[in-house]
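Notes follow the structure.
As written, the chains take the letters A, B and C, and residue 1 is the first residue of each chain.
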């Protein structure tokens, strides 16, 4: 079904274009006198809104323990295949041996990352967080691949409300006897 | 032809007769070079102005970062030059000069190479005809123009319209469809609006003829507005039609059909790059500057500060300097108007351009012409 | 024997199913999934997880007369059991009615899963089973979705190495299904695992001070429905959802165990058994799981060599072809090669008028299960391809003697290490030795020309196991850079030998040609999922060393 749109009948003045052109000139001239909206970037810095998705980083908990347990869900979910995790075991003599698993290597290729935040959303340990860093540049492809150390350096600590891994070590602490 | 040039006169008086002709020629070359430098400077500044003005109109800053290190380091001056984007001009020019100069294999090479020069030369030539001020000498008013010819108005229109050949030749020799369309559009548009322009110029000429006796001299026309009403007040419709035709002639929005990025890539200069493109670019802005000067001369009273008012003759050289400054201010204002227009008005469709030219402007201009003939006859 | 069929009504639809099936299998037959942990098709029923609860009813009969009771509308009256029953422990009977989808059953499943998850640590992020864990799958599909448990969870031993360090036991994750106990009883032949303690402290433990020397203990890892038993070698190596599964056949022995090869980005991470009722059921030996390691190590031959120095593959191939054309050639084929390759070698030998040899690799003894004494997967392929007429010897002393007396000038050897088979270093000077293989052994280092070939994980092909069963396997990973293609090499040799100009054939075209030339092969060598048993009466005179084992009886054609 076709829809006929009625055209407004233009008056003579309108058909000369002149009032419209003058109107346009007025608008642009008024705009010229307004203050600028451009941010003079390196001199002025933008205020980032909460929830801003900058570079993904790895964070530690309040005790300085690395939160990541290398479950590789971020690697799985990453639509641009930017993340590469090499899982590894925590040494048996470590204070955190009961957590068992930690990344041996963790690389995020910032040339591939599209800052979608899916890794943060999928992370069961809240270990990978997109923080405020947005100005990423480098002189080689290699330096744009961030390794574990760089990711933790960029991430810092981010304590959790729920202390998932601070748990009782034996049934005696629970005052539960053996049957 | 040049004999009423005051400086030449003085030089000729002082020089040994044998050197008369030679000095004449050398001085003419020097003046021409000055005219070229002035036009080119205006073209360059127009480019910067275009970028700054459009930025301001869009809420941006425009170019304000480019800096030549040791100039930018000068306190005050450096900052101003930098924030006004003036050093961007140098950067742009260097870019055009230093870029690789491609010569496509499929073009008609001699004409392809000639086209940018053909586009630029008429602009510079017309610049020599424009009187930018007056010198009050004992022998009377002496125009400050390189070539004060009696038929300078006709000459300016004639040479100025040669610029269209640049676009046409570029479009044709590029041997590629979009430049070709651009060239065809440019030629058709030029012919259509040239007519209106010519009729408007005639209207002005017949109006000033009884006053000056030299109806086609730009200096005479400008001088007729000294201490009198400006022609834009006595002939508002003529001025308006002439202005519209100027927009079309200079290929500026809303009439830039020859470039028309949306449908023709980049029009007649699609196949051009680096320095050759730079020539087209400078030619376009030079054209704007010269057209502004022409309009200022014809309708805005030339070097006179206000309608009915002129710089007093007894101030001598001070008055001359003020004349030149006044003229330059008017030209600058006109350039601003050209730019302002570009960033306010969308482009016409090609058929609209043609209809406007032939069905509105030409009949209007003719009617206007007849009206002023009758009016002049009645006076 | 004709199977007796009974009619069972599953969720309102009548199905004819074989008599003797239990309800889980009958439902599987009908395409209805019943979740279960402890039930395993190849193990005795335990009925301990209670997840497979369904409503079951049988036709009502008059107790006195034994006659069927009808409803008022004339339909058969069903006597429903008062409570849901476990589907794994109930055999189907004529007229049985089963309801698997009802509010009651949903509640049962929710309740069972909630109890199973009470003390479960929910450490899926660090658990290797995640992604192939039944508890995960069922909790998602049938569970409540959230926990109501607010107390502290029980603590149980974790991270315990058992079975000589092959397995890691995590008791917190265990759901006490007793599959491991039953598997070890069946495969190891004695109890390895057992339950200790009671109530919520109940846990699986191994018998202390009793070493587990079984080669089949890792099957408990495959069949553990949760992450309580995980394989140490695969521990924290790669999540299962990244791995691509490819149909494989174990090259460990002539048993021809069906496998899944799990790989990611051309790296193999593990091998697990693939179900084949005629060969290996769902089991696999532990030793067969790590046959890929040597092909991902420095032992691998990846560059061609001429006179012990590296060369381009093209040049080495040309050089080898020139040498072969000098005549007096002997070809040593390998039991690791596919039937297609052996067939092409047979043709090449005919073109070159070459003698053909193979070597038997007999090591250890048959374990009566899935590892036979013959460590090559395709020795019978040599018979079928026509390379062998009698059972080969363990060395090549005969060929070495011919090299020494000068009647053989060139030896083309595939995969075998001649230096360990009766050749000495001087024989490498007497004759031109061309080695084509995937491993960089001493033979490859000494040979005149060495050409790198793909391993069995890098190609598709057919093998014939001890049952004369033709089985197909697929290419799991790409060869490392520099490795040539088997068919390219064989065709390059054959091209000049036969004087014909032909293109490298595809796998399909070789199989077509092979089935045309060898009568006992199925048409186009198309093999069903369980493999195709060949008619081996032709070779009944040959004495094969394999002894009776799972699904294999010596000298009996299956």
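Following the convention adopted for this analysis, contacts are C-beta pairs under 8 Å (C-beta built on N, C-alpha and C of every residue); 3 or more make two chains touch, one makes a residue touch a chain.
These numbers were taken from a predicted model, which means no experiment stands behind them.
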{"item": "Pair of chains joined by the greatest number of C-beta pairs in contact", "value": "A-C"}
{"item": "Core chain by centroid distance, with centroids computed from Cα atoms only", "value": "A"}
{"item": "Whole-Å gap separating chain A and chain C, where each centre is the average of the chain's CA atoms", "value": "44"}
{"item": "Centre-of-Cα separation between chain B and chain A, whole angstrom", "value": "54"}
{"item": "Rounded Å distance between chain B and chain C, as computed from the means of their C-alpha atoms", "value": "87"}
{"item": "Residue ranges of chain B in contact with chain A within the complex", "value": "53, 56-61, 340-341, 343-345"}
{"item": "Residues of chain C defined as touching chain A within the complex", "value": "124-126, 130, 152, 154-155, 158-159, 197-199, 201, 235-239, 241-242"}
{"item": "Residue numbers on chain A that touch chain C, as the complex places them", "value": "69-73, 75-76, 87-89, 92, 97-101, 124-125, 168-171, 173-174, 176, 178-179"}
{"item": "Parts of chain A lying in touch with chain B, wherever the complex brings them together", "value": "21, 24-25, 27-29, 31-32, 34-38, 40"}
